[in-house]
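Labels run A, B, C and D following the written order; every chain starts at residue 1.
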Amino acid sequence: MLREGEIRIPSGCAISGIMNKRGRVFSGEDIIKSIALMHDRGNGLGGGFAAYGIYPEYAEHYAFHLYFDDERARTTTEEYLAAVFHVAESGQIPTRRVGAIKNAPLAWRYFVKPKPGFLGETENEDEFVVRTVMYINAEFPGAFVVSSGKNMGAFKGVGYPEEIGEYFCLDEYKGYIWTAHGRFPTNTPGWWGGAHPFTLLDWSIVHNGEISSYGANKRYLEMFGYKLALQTDTEAITYAFDLLLRRHKVPLQVAIAALAAPFWSEIERMEPAKQELTRAIRTMYGSLLLNGPFSIVLGSSKGIVALNDRLKLRPLVAASKGDVLFVASEESAIREICPEPETVWTPRGGEPVIGVLEEGGDEHAN
Amino acid sequence: MAYVLIGNSAAAIGAIEGVRSVDLDGEIILFSDEPYHTYSRPLISYYLDGKVQEEKMYYRPADFYKRNRVEAHLGSRVAALAPEKKTITLADGQTVPYDKLLLATGGKPIVPPLPGRELDGVFTFLKWDDVKALEQTLAPGMRTVVIGAGLIGLKATEALVKRGVAVTVVELANRVLSAILDEAAARLVQESMLEHGVKFYLENTVAEVLGRDGKVAGVRLRDGAEIPCERLVIAIGVFPNTDLAQGTAIKVNRGIVVDERMATTVPDIFAAGDVTEGFDTIYQQQRVLPILPNAYKQGFTAGINMAGEVRAYKGGFAMNSIGFFDLPLITAGIVRPEGEGYLSLTQADPGARKYKKVVLKDNKVVGFIALNQIDRAGILTGLMEQEVDASPFLEHLLREDFGYAYLPAAYRQEQMLKGVSGGVRA
Amino acid sequence: MKRVYAREEVCAGCKLCEVHCAVAHSAYPQDIVKAFLRQKVKPIARVLVEENRPISFALQCRHCDEAPCTKACITGAMQKDPLTGVVTNEETRCVGCWTCILSCPFGAIKRDETGRKVAAKCDLCSSAGTLPVCVQHCPNDALVFAEEPGWRR
Amino acid sequence: MPISLSTPNFLIDRNRERCINCQVCVRQCAFEAHSWDAEDERVVTDDLKCVACHRCVTFCPTHALSIRRFPLEFRENANWTANAIKAIYKQAETGGILLTGMGNDQPYPIYWDHLLLNASQVTNPSIDPLREPMELKTFLGRKPDTLRFRGGKLAEKLPPQLELEVPVMFSAMSFGSISLNAIKSLARAAADMGTFYNTGEGGLHRELYQYGEHTIVQVASGRFGVHPEYLAQGAAIEIKIGQGAKPGIGGHLPGEKVGAEVSRTRMIPEGTDAISPAPHHDIYSIEDLRQLIYSLKEATRYEKPVSVKIAAVHNVAAIASGIARAGADIIAIDGFRGGTGAAPLRTRDNVGIPIELALAAVDSRLREEGIRSQVSLVIGGSIRNSADVVKAIALGADAVYIGTAALISLGCHLCQKCNTGKCNWGIATQDPNLVKRLNPDIGAERAANLLRAWEHEIKELLGGMGINALESLRGNRLMLRGVGLSDRDLNILGVKAAGE
């Protein structure tokens, strides 16, 4: 059977995200409980988590999470890593035995810094890392980069999310942002790399939906050198954010106006300056418009953005209590871990929920 | 306001409709020496030949007077006018006051002082009564002499022929219809009548009516020739019936003189129709125009002005549509120009008895003859009315399909698009 | 009043107006083939297409405000309806003297000799109570039925 | 005089039972296939002159007419078809090039008909265009590499863009090749529907200035009617290099079509042939093209996008890439089925490649080179319906040009006699007697209706795919699948086979 990347697999899902705006870290138990409550939105063929602030001791290193099909894949990949990076620390990612989890790949992590000699002239470390990730995923059979950001990591696999969480002992990690994903793919590749979240550098995306514009988005992104190895919406969305925010350096609001653009009928009603801006964004980034149903949570070390498609064809609820911001596919998944939120709301289509990490938040993980 | 109308033909009817188009209340009183509901004089020849029965003789529907609230005194002759008193006196001596008076007394037949004209069997041909009288005495095979080959004479002739009567026409001029046709056209008309058995004596006239025991037996012509006949129709022409105006301050030449409002020279007295001498826009002079369209328009104009509105009728010109035995004929204005500055365009097909002639002066159409090809002839009439400069389309005037497509675009579109009165500025 | 106005700049000169007018005023107003093939004499159209290439346009009675034909008519058959403004010829009273032809400045009155000689003219299809058939059947909207000469449809 | 070997193509079938001899057919046939026999008082016909334009059939008030293929048969021969034989008769008679009108009518594969569209089922919802907004707005013009911002505001304006409410424009048809009434119809329809029409190389008649905002003015090798005011009037300027119906060939408007108006508009003497050279004599290379592009931009103060139109030929992808780099804001590609007012038959039927393949190749190439968003792609050359439009956009087009379809909406019956100037429908003619047969009021409404209808259909198809903005379909080849195509074709088209 073709695995993710060799074929495009539509899927429905559950998503959840928790963030402490002041950067206080907390264990993975809550996010597991939250996503577990939406058990029925998945079908046991994919689950995963992204966690930020979990590696304070290596905050300056790129934390590579890799899956290997076998030892051969690991050794060849590690040779390459060692060649282009200073590897400060490496080791197997701790796991527990969980009944339901079968044929798991070898899961390893490496805390690395690029060797300056390998950077292209105009290339900075991030770009080098992106290039390396694409290279490994494309050229090293049996090896797959799960995450590559600083002081963060993705844990995902085939199974229900709560099983994956337990398997990777997430209750023992502490982070200030947690996002989770439970998947309902329409066929069963049974490949761990295909599970969500999808990450690049410290971007991570958990996503529920199927984007009709995928083909248009993909071919546009490819013009900028992105290789969409997985053929998943999640991957495309991640790259779209990476292109807009990191490479084109557009303001977050602009990126959102591109991906979940307001309708022309709305734009016509905007005041001139805003109208001109929005027209320009749609004219320029039409190919990045995410069309069709989706709700996503974008995670980064600086905060989270939860977003719906502009017609709101997928569920998304948000709530807050104190410093903590919750987003999830279902309100119950929030109340499960926060029975009395101060505010609960349902964002409109295209209206983002943004949680920004307050600068110098105490205990901020670095 | 009391409007008093004397007369009951086209001019009087026009006046009624003119008054009522302005004043719905004023009292209208009409006097006619004839006993009939308004009828159409030109129809008497059709009546005679049976094409039109009694009920179709009437010029307006039976309820016409009622609908227009006209007090019609039919068969009551007006004997005199008293302009200074603003009254009229009837034959029975009764006087009637008026605020506005219309003289629409029409014309009367010209009857020359012929010896024997009092004989039994001598008729004129103007009123319904004339033909009714004539009709009762007719029998097939009877011989009739008609004096005058004008419009009336020839219409009478046609009707008589259709009644199986043998007709001989005596005409002083050198051709038939000399007033409205040139020689070429007259010849064609005469030919066709000859084919129907009509005899003609042209450039000749009746010197004496011959009789036997009080009845017509024949006529002797100027040249001594004698024509036996049982009936004689005198159709030399009509003369304005100005009797009532005589001896008053109303100015009369051949007819009663009117201005373009149809007012006579005496205040509150108007005149219209065959009795008047109106302005001829082609001849550019006052002339008697004894034709129905002119009578109606004059009457209509008079009516409006009597009712207090000012409306001018710039005048008309001679125009006739007539036919003899399936030979239709339309003429207007000057057809036989005499003098300088005229241009005549003609086109003849004698075999088919077709003839067309257009007469121009200063590049304007001033007259035409359309014989046996009369379709759309009114366009020429319109050009005459509008005094259109014809130089841009001279060469097309005689075309079979001559029409607006050949007229200057601006004029054409103005006429066709504005959708109002084609030509006529009443 | 509403009149029929010609837009000569889009008249295709097909004369379908004439065809349908003739039919509408024939013995078979509903059957064009019969109207033409069954009747001894071809029915005549009340509308006339004038042509002087490239100019062409349909012309029918303008229903003049001061209709000269009604003033000239010797029988009173030709009347303008004071309410509708439509000028019609009461054919039973008409004697075919053609004085109306003499006086119509548009040449819009025809001689109908298919039966008793009478003057035939456009009646705006008053009887039909709908659009005049010439307008209905003009394939190029070169005829408009309007209060004023209207240009755009 | 030796006998002519040419025989009728069509047979005029007149039902005498129904013919009323009204002569409408006689008056409507500019080819004089019908005539009036005054002696027998009946309409007679000459089949040899019939071109099957159906004008008479449409106008016949009794439906007494029909047109059939002339039953004359040659000895069966799969190789020497009747057309092949007749062509030789004709050339043996005239010794001349065979001329024709409209587009390639040969049975080459039509790729549109081998492409199928996708629709949403279960995993994502289709969208009902009657309930949800459905956006077709399209911008044509160069898009910058990035947007720059200063204080949350745009730091620099976008380059000039054409804004289309429907992704369909009327392609270049010159005043001369078609009548002023035809152009008025298209111009008015374009204005009503928020799109554009193209002057072709016919200049811009003064009466059309009012539609300037919806006009693309063309600059072609003959430079007819090109002057500063002309450039200023248009919303965009198109440099015409080639045309799908006759790649590598210039244009030729015979003198008899150059009447007073055409002459004034094209700025050439009345009655003279208007000959557009095969190449622009100031463009012998890509760098020359660049100079023309920029001199036109200079002349219009960089306020109007400049388009370059080429015919779809073998190495179209490389050429398009060159044009993009030469500074064009829009590239218009015309496929080998594109129409024409007059072209040599052999060229029309044998030169160029299908637009579907050209489009796929160009779009892919520009993306590979990372310059796709620098230019907009407009394609034409037999877009027949809204599905073709949707497929074209999924393959990567930004918008399409329609010429033939537009003319058909005005009444064209594809008789392919445009070159004769006798168009009975008043479209491809300058004869005032024929021109007035096309009422621009009706024409404008019909052409606008066509766009309106396609707009609805495009929205339906988009909704079915779960897309509510056209840009999400652009280049979205996952929405296409091929049927009955070779792997090579699929590969060039960049689409999967149905079932994959």
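Everything that follows uses one rule, which is that contacts are C-beta pairs under 8 Å (C-beta built on N, C-alpha and C of every residue); 3 or more make two chains touch, one makes a residue touch a chain.
Given the structure is predicted, the values throughout are model-derived calculations rather than measurements.
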| item | value |
| --- | --- |
| Intersection of the contact lists for chain B and chain D | C |
| Comparison of C-D and A-D (more C-beta pairs in contact) | A-D |
| Centroid distance [mean C-alpha coordinates] between chain D and chain A, Å | 48 |
| CA centroid of chain C to CA centroid of chain D, Å | 43 |
| Rounded Å distance, chain A centre to chain B centre (Cα mean) | 107 |
| Between chain C and chain B, distance of the C-alpha-averaged centres to the nearest whole Å | 29 |
| Set of all touching chain pairs, with the criterion as stated earlier | A-D, B-C, C-D |
| Chain A residues touching chain D - in the complex, by the definition given at the top | 8, 10-12, 186, 209-220, 222-224, 248-251, 253-254, 261, 263-265, 273, 276-277, 280-284, 286-287, 289, 291-293, 311, 313 |
| Residues of chain C that touch chain B when the two form their complex | 3, 5-6, 8, 48, 50-52, 55-57, 59, 62-68, 71-72, 74-76, 92-93, 95-107, 109-111, 149 |
| Residues of chain C touching chain D in the complex | 7, 9-16, 18-20, 32-33, 35-37, 53-54, 137, 139-142, 152-153 |
| Chain A-touching residues of chain D, taken from the complex the two chains share | 120, 123-125, 127, 132-133, 135, 137, 139, 143-144, 146-147, 149, 152-154, 157-158, 161, 367, 370, 372-373, 394, 465-469, 471-479 |
| Chain C-touching residues of chain B, taken from the complex the two chains share | 14, 40, 42-43, 46, 51-52, 56, 58-61, 292-293, 296-297, 300, 319-323, 328, 330, 332, 374-379, 381-383, 385-386, 401, 403-406, 409, 413, 415-426 |
